[in-house]
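Before I ask anything, let me first share the structure, which is written out below as structure tokens.
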Amino acid sequence: MTDTTKLTSSTVQNPVLHTHDVTVDYSGKRALNETSLSFESGTVTALIGPSGCGKSTFLRCINLMNREIPGCVVGGKIVYHDINVNTKGIDTLWLRKRVGMVFQQPNPFRKSIYENVAFALKSHGMTKKEELDERVEKSLRAAALWDEVKDKLRDSAYALSGGQQQRLCIARTLALQPDVVLMDEPCSALDPIATFAIEETISSIARNGICVVIVTHNMEQATRVSNKTAFFYLGHMVEFGDTAQIFGAPKDQRLNDYLNGRFG
Amino acid sequence: MTAIGEKTVSNKSESTAEVVGVSPKRGIERRGQIITGLCVTLVVVLVVTLIFMVCSRGLATFTKDGIPLGSFFGGTTWNPHQNGADGVPLVGALPMIVGSFSVTLLSCLIALPFALGASIFVVEIAPGFGSKIFRPLTEVLVGIPSVVFGLVGLGIIVPWMRGLVGGTGYGILSASIVLAFMILPTITSLSTDALAAVPNSYRDGSYGLGCTRWQTIVGVVLPSALPGILTAIIMGMSRAFGEALAVQMVIGNAAQMPQGLFTPASTLTSVLTMGMGNEAMGTLPNDVLWALAMVLLIMSLVFILIVHLIGRKGAAKND
Amino acid sequence: MTSAQETAVAGEKNAPNQSMPNADYTATAHKARVQDKVATGILAAIVGVIIVALVAIIVYILASGASKLVDVHFLTAKPEQFKAGGGIGPELFNSFYLLVLTLLISVPISLGAAIFLTQYAPQGRITNIAKTAIETLSSLPSIVVGLFGMLTFVLTLHWGFSILSGALALTMFNIPILVRVIQQALEAVPRDQRDAALALGLTRWEATMHVLVPAAMPAIVTGVVLSAGRVFGEAAALIYTAGQSAPVLSWSAPIWSLSNPLNVFRPAETLAVHIWKINSEGVVPDLSAVSAGTAAVLMVCILAFDIIARVAGRALERKLTAE
């Protein structure tokens, strides 16, 4: 495990984010063992593994969302742009603005489509209407939603389909211009067509230089969208490498078994 | 390494100064925390002050006026303006204490079969009817003011009692019937919650053994909901014990030891309601009223304590 | 449990042969079934009795006061102490004025307390103390709250029997109800709404005020209006705080005058207190007509609150989810 990490760390050109021996405990019970990974700008990294393996737990460490769960303790270093953010003094508000997150279930606010995107912008200090309008349009375009909603920006977000809602959630995240976007099984609640649209969006976000980390249950999805893949098993990060290598020539027996459908 | 230390490092090594940041919104969070914290503090301070003030007034009877505990809690004659044969003022609170407990227990006894029956019906037999019709109706019942209940008692129950057993019609039974109506929604809704909280797997287990619905209710559902039902009963008793005006309007207000269910009596609350306006602050007759209020306060704290004990016991059992 | 197991268990008890259950077993099963039917019937009867009694009470109240309900003179005139024909004009105004003041004070405090308890400190010492305090307050008899109000506001602070004293006593009575309602409403908002807001770098304060409270608004509105019904009918907490007298009101009176309706330092008898007072004094000649009329007015207002609470809650919900 350490070998893999060293190897990838040396090959990574521009790690916008890396973790060093990150651990997670829920009320004294270990949920994730020492995990060290690096993430580059402009790449998509998939986190795979059977349910309860710690991949989502790991994802929620990166933007310190685990701090919202009482009794959850995160150890190790999470280094974002050379700053260890897993410290008491870090400003989670600032970090979460820069490291966005998209959740498993589409969870737009109970507001209009426009407000869903503009709300956080206003909160972070953008007040001019023209600026807001421009950023909202840009974000909705980046999430490939603009054409579908441009005539009904004042409608409730709940009037949209599930897939559209999820793209709205992506747009809402992109509006803050993060350089990392974390996605926690963003397509698990969606049908194949909506899934396809989201995957397109993920690829185009990465092309724009954003670092995307996506947790997925779906092997095909991992091979379709990601450049790198990390395999988690029973609270351990087992293997990390190029997606082609992980799926084509797995080194670890457990990963091999998982890919062959022996469990999971 | 501290966050500050990391920041300095990054500022030197990276050209992107804007990468490190502190959100200007920290102040908003602090302000929110302070405002809401103040609200909570205010509530706590109010409750503590209330308990302190009522108790300090109530204790004056025993400290300042030197009434022995025995003649207050054990005395059966209530006439604070006169002294008894032993020179101690006649401040025996036993008639009111007995009155309060009688109406509380009796009203619970009357309400319980109805409340329990209704909650079994709406949980086990007709859940749709329960949530759509019955619960809103009991909420209306909660909303009826106690003076209106008192008026209904005066208009219907007192004349009915008079016709049935003679006498004035005022008394403990009339008060208990009125109270039974008032605590019915409390007991019903809490025991409904308790029954609804019983996991369906318990019922399935019983049905799987070929038991009928009634056997399942009696054998499985009621025993496992027992702590919740007990809590419901205590909460109902607590409400009955503290109810003032409706009781005062129909109990007859005779400060004497209750001689039966059909003769006028009084409770702690009814004497307080009637008397507090007539006695000057700081005099003995006023002090003893505060002592009654203190008893009332302590009893309601005891009821909460019992509810907590039941809750803890239930939790321990489930572990 | 499978049917095979079921038969096995039944067989163990009584029937040795599945295809030919013995007579004993059939009799037991039959008895159980009859028992079940009878029990169901009794339970249904109990529910029926409760509903009939409730409807009877409401009809009795409304019918006894029906003639006064539509009597404009009764609704607007001042009350009489010793002769018949008095009205409840000032009492009606006082009840609503006290209600509005009480809600203005108690809603923000309860909202703040509920937000603190659900968002800032869902666990810990302070929360436990606060929860115990709120629970204590909710179980205190309202007469005790009223007596405390008399001691503190009326006597110690020298506000006298006044609207302000009454509103504060009602606030104490109302806070535990509201805190619980708002707490439940906030907790019922799906967790992912809060997560979404926090993940965008919003403060808990912003997440609560702009996301959670709006989403919980239907339940909060319903709860507040229902609590308004309770406050509107409360009398025990008021007889020694807002007082038992209703000065004649005049809008032209200066604000410090006891006749100015808005003066918060004037005594103010409400509808509920009026019913209690005239019945305990018993000197008004048309006592039963006046108290029946007042009770009917009170009941109509409270039923209206109940209906408004449900309709408003449902309308808001529809607006939020925008079908």
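Should a chain be cited, it is by its letter among A, B and C, assigned in written order, with residues numbered from 1 in that chain.
Rule of thumb we're sticking to: a contact is a pair of C-beta atoms (placed from the backbone, for glycine too) under 8 Å apart; a residue touches a chain by one contact, two chains touch by 3 or more.
Given the structure is predicted, the values throughout are model-derived calculations rather than measurements.
Asker: Relative to chain B, which chain's C-alpha centre is the most remote?
Answerer: Centroid comparison gives A as the farthest chain from chain B.
Asker: Which two chains have the greatest number of C-beta pairs in contact?
Answerer: B-C
Asker: I'd like to verify one number: the distance from the centre of chain A to the centre of chain C, where each centre is the average of its C-alpha atoms, in whole angstrom.
Answerer: Computed from C-alpha means, the inter-chain centre distance equals 46 Å.
Asker: Measuring centre to centre with CA averages, how many angstrom lie between chain A and chain B?
Answerer: The computed centroid separation for chain A versus chain B comes out at 50 Å.
Asker: Where the CA atoms of chain B average out and where those of chain C average out, how many Å apart are those spots?
Answerer: About 14 Å, centre to centre.
Asker: Where does chain A touch two or more other chains at once, residue-wise?
Answerer: Only 93-94, 97, 123-124 qualify.
Asker: Going by the contact rule already set, what residues in chain B reach two or more other chains?
Answerer: In chain B, the residues touching two or more other chains are 23, 25, 29.
Asker: Which residues of chain C are in contact with two or more other chains?
Answerer: 201, 203, 206
Asker: Which residues of chain B touch chain A once you look at their complex with the stated criterion?
Answerer: Touching chain A from chain B are residues 1-4, 6-7, 9-10, 13-14, 16, 19-26, 29.
Asker: In the complex formed with chain C, which residues of chain A make contact?
Answerer: 63, 65, 68, 70, 92-97, 100-101, 103, 105, 107-111, 119-120, 123-124, 155-156, 158-159, 169, 172-173, 176
Asker: Would you tell me which residues of chain B are touching chain C in their complex?
Answerer: Interface residues on the chain B side: 23, 25, 28-29, 31-33, 35-40, 42-44, 46-51, 53-54, 57, 113-114, 117-118, 120-122, 125, 134, 136-148, 150-152, 154-156, 181, 184, 204-205, 208-215, 217, 235, 238, 241-245, 248-249, 269, 272-274, 276-277, 281, 290, 293, 296-297, 300-301, 303-304.
Asker: Give every residue of chain C touching chain A within the complex, in rising order.
Answerer: 122-123, 190, 192-203, 206, 210-211, 214-215, 320-322
Asker: If you look only at chain A, which of its residues touch chain B in the complex?
Answerer: Residues 81-84, 87-91, 93-94, 97-98, 123-125.
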